[in-house]
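Note that chain A is present in both complexes that follow, paired respectively with chain B and with chain C.
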Partner chain A sequence: MTDQYDIVIIGCGVIGSSIAYHLSEYKQKRILVIDKGFPLSGTSGSTQAWVWVHNKVPSWYGELSMYSAELYPFLERKIGDVEYKRTGGIAPFFAQTDWDKALRLAEEQAEVGIKVEVLTRDQVLEKEPALSPKIAGATYSDMDGNVNPFRLVELYIKAAKRNEVEFSFYNPVTEMVMEKDHYKIYTKNKKDAITTERVILAGGPWSKEIGELLGLDIPVKQVRGQVIITEPLAPFLKHTIGGMRQAENGEVLIGFSKEEVGYDRRTTMDVIQETAQMAINYIPSLAKANIVRSFSGVRVIPEDGFPILGKIPDKKNAYIAAMHSGVTLSPLVGTLMAELVMVGETSICLKRYSLKRFMNYA
Partner chain B sequence: MDKSTIVCRCEEINVDEIEGAIRLGASTFDDIKRLTRCGMGPCQSKICMNLVRELIATNLGVSISEIPPPRMRMPLKITRLGILAGKTSSSNVVSVFDEASLEAGERQND
Partner chain C sequence: MKTDVLIIGGGPAGLNAAIETASRGIKTIIIEESYALGGQLKQQTQFFNNLPKQFDRQRGIHLMRTLIDRLSPLPITCLLKHKMIGVYKDGRIGIANDTETFPIDAKKVIVTTGAAEETDLFPGWTLPGVMTVGAAQILINRERVLPGKNALIVGLNSFSAEVAKQLKACGINILGVMDKTVSVNDKKLVEGLEDKKIRVMVNTVIERATGAGEVKKVTINNDGKKEDLDIDLICIGKGLAPILEPLEILDCEFGFQAKLGGLVPKYYSTLGTSNPSVYVAGNAAGITCLGGILLTAEIAALNALKALGVLNDNEVKVRSSFLWDELRSMESEESIETFIARVAHIKEFHEECELPLPASFHAILEGC
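Entry: the complex of A and B
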């Protein structure tokens, strides 16, 4: 590790490692990625990892997710097998009154070219016979799928390393100083500052703390999610269901909880019981399945729910990428952030995602 | 132990795979678990826990007492899902479908 770089990325989750890899494809800059822990110790190591498009609303946000999902097959050709599977996604609903909502969703998404079908009970059961006959219907899209987040982050890092990106793990960033045309970054393991022309904040649920090092107020919430996991079962779920998925090894990952309890990664009995109940409501036969373990992760959710992406207003050569659904969005976010840094403009306009939108209210 | 000795029986992970993760910079059980799936199977690391801690200690030249055990999670013993299920309707466990149909302004996306 020298101490001079063109670009330093703080955070090596699915977002930081994707940005590092995509930047490294240009083979022009000296890049360092710093993480306070080890890759996957943050949210990217405790996620359902659906690549989920169809009910991301409003449609402009769905569109962003769609473009990212479309990049996955290309990404795999470049970095290797990340076990991306476009399974199609089913979001069941139970009330007849939800039909209207489902039709409106389909209409809204059609405007941007996301094909959402509204399926009757019989049509859903034909696609996915294990689902409960009590459901009223479902929305369906063949854009949705899932990926192995562990493989994804590992392969981003390996591909970036081949392109000479450097990594520093177990090394928290503790201080940042903006000088005239560069940043000085202080970390726990290094006495002297690392200097860099540009800095990219990809700290996930720690974005607020990292922002404060630059005197920024980054409005994100920490939202815990708990997931339970069955023993490997014979393949019986073909689709990614809004609520659960069956992984390649047969395990079913179940859960979709949201609690604002700060950075607390415990699993709790009440939510696990509710999650188990939800599983049976969706798929009655799961009652007989064995649960092997649970996990919990902390989402980073910007105050208005949408990604914060792009240049940081009023700070020269500083950038941020903080969002929920980072697994879905990672190939696109990596591509766009690399364009922004290397070329100065992006193939999809990022104005709407600027941190600036929060600053206007202040 | 040679390179092909199985350390994690549930997931069939051998010494070589564990050492590969250590070479990437992994230094705790959980680091290795996320890279290799070692410890994620039905026994929940009861068999591999200390073998892996030993491998980390040897490879990094530190004492095994400095290597923390993996994070333990519920349920500690394999349990039928039907037995876990609570009776209460959920407040934190939200449906994807409901999320998409929240009114503008309070929309959240997963």
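Entry: the complex of A and C
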């Protein structure tokens, strides 16, 4: 086995593995995916895994999420059952003054074809009787849902392996050197460099560190979300609700928090108690449920909130995919990045998402 | 609530650590999730010959009494039916019972959460009548309930062998104690079982357990030869693994030591962890014998007292070195591999932190 590849993808989370799979469908390139740990030990394995469309704004960003959600049923036919469920999503609000905001959202999303309904309290309670009668209303879309992130990433990897993609886990990248027509990538577990024509950065919350290896400043933040999980309860939540959902096994996953504390996966009692209180505000009957565990996920968020996708300016044959909502966007981002690398152009224009928007050309 | 020392877990390690700290007049709180102190000693009717010098040889349940009697005159708070459920941002420990949640502000925390039994997975393992050896021991010694009439024990080790004998003494027919492999170190165990007319089945695994509503039959595979046995009780004795959740929540680092039960918190020769206010002792610091459980608790408590400025360096040095010697002889008697793994584990962490081992520890290293 030589250490020469056409494409090396750094990061094997939901984005890296999706890009690997979609590239492998062309069956033309030798592809290697490198990860510092094991898939799902990081961000992609510590998520509520919503496929969430309806309140992604502005509408051009919502549109991206919508197309990606639409791809899930087709993806399942290709890679297998990832337990995608289009449950419909409800985002409740408590203040009467939020009505206008909700109506504006529905109007704006309608322009790109995202159907958002504004529901009165009675309409919401009819859809989801467990919700608190104290809510004023909610926005609703039947496009939202959720997926099993463990099956998703595992099946991306399995499908990629069938197409002869190679994987190297527990193997952090330590150095990257750009030579005339290729990159040399040094890793912890290999003495010799891995040579590749193209490199794709899909490091999620580690994008900054990986970018530095190429002398880049990737403007992303690490944001911690703490999630609490109840004991398995009889099925009572049909929809994906802003902040919570009931999993197949009856456990309710609940999380609202966002903290910038670096890569710290601890949970804190302060946030756990706040989270539990918010859950009860939404669904009063949860007051009686036992919490059995909690976990934290550290997500990546680009400085302006929107995905960073495409070729890296001024670096030959180098690409980046870094974004929040990787689970929602993975089928589409995988498709588009594969088009970009293999064909050179994409079916949805990625110009808006270029890293260039952050670069200061004085 | 404020305290100098918070002990998480009121089993033998927690009790012995509390005796050490509270007898020095240090404010100590024990958190215990069950209804009573004593941990797994509550049903250990067997005799323990190999205990630290300060304890007479005695049965586990009597040792529990001894520890509680020593503790009871001391100024200590025991919160029974309370659990540690988290840590606040400012480091205070989150405690809950069924009705309230509150913080405890502790200068030092000693984690003595003990161990959980490992199970074994085979088709039918969820049927009623399939349980761990520890559960079977609770049923006969604590609840006074006969768990079955015809039993098969899966896994050979000192604990499963002991429970096999106790079940037999209760009149249960033991069809055998089975395991995939039996090492030379297990010779004494095998002889002990055969003395009691309990069959030891080597090279044997369970294929499946069956029964409607409860286990009735088991298919075993002895070196390729399959056999059906009529049983109504399967006891799984696959060893123990440290209970680590509180240490995870307290942000302690972990290392892998197979001989200590797998993933174990990293700790110094003081039994202090990577979190400067957290110590670990007992089975949570690596699976060991009862003597090892009691002694590691004393070492941890001693060093917590030193860190609190209650004991001077010299006093701690002298007693530590005495306790480590005793720990070596005690663990060596049961299984020298445990002690060697423990010392390697400590040495690794000191090297990782570039912290020299105390001089007294060098003699111990040479002994290994």
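Following the convention adopted for this analysis, the second predicted complex is superposed on the first by the 358 of 362 C-alpha atoms of A that agree within 3 Å, B and C clash if a C-alpha of one lies under 4 Å from a C-alpha of the other, contacts with A are read in each partner's own complex, and residues count from 1 in each chain.
One rule holds in what follows: a residue touches a chain if its C-beta (ideal position, glycine included) is under 8 Å from a C-beta of that chain, and two chains touch if they have at least 3 such contacts.
Computed from a predicted model, the values in this text were never measured in an experiment.
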{"item": "Chain C versus chain B on the shared chain A, clash or fit after superposition", "value": "clash"}
{"item": "Which of chain B and chain C A:302 touches, first, second, both or neither", "value": "neither"}
{"item": "Which superposed partner A:270 touches (first chain B, second chain C, both, neither)", "value": "both"}
{"item": "First, second, both or neither for A:230, with chain B first and chain C second", "value": "first"}
{"item": "Contacts of A:280 with chain B and chain C, given as first, second, both or neither", "value": "first"}
{"item": "More chain A residues in contact [chain B versus chain C]", "value": "B"}
{"item": "Touching partner for A:42 - first (chain B), second (chain C), both, neither", "value": "neither"}
{"item": "Touching partner for A:294 - first (chain B), second (chain C), both, neither", "value": "both"}
{"item": "First, second, both or neither for A:219, with chain B first and chain C second", "value": "neither"}
{"item": "Identified clashing stretch of chain B versus chain C [1-9, 19-27 or 91-99]", "value": "1-9"}
{"item": "Residues on chain A lying within both footprints (that of chain B and that of chain C)", "value": "267, 269-270, 272-273, 294"}
{"item": "Partner chain C, residues of chain A touching it in the complex", "value": "266-270, 272-273, 294"}
{"item": "Residues on chain A engaged by chain B in the complex (per definition of touch)", "value": "38, 40-41, 45, 52, 55-58, 61, 91-93, 98, 101-102, 104-105, 138-139, 150, 154, 157, 167, 169-170, 228, 230-231, 242-243, 255-259, 267, 269-280, 286-295, 301, 305-306, 324-325"}
{"item": "Residue numbers on chain B that touch chain A, as the complex places them", "value": "24-28, 30-31, 34-35, 37, 40-42, 44, 73-75, 78-82, 84-97, 99-101, 104, 107-110"}
{"item": "Complex contact set, residues of chain C against chain A", "value": "85-89, 92, 94, 101, 103, 249, 251"}
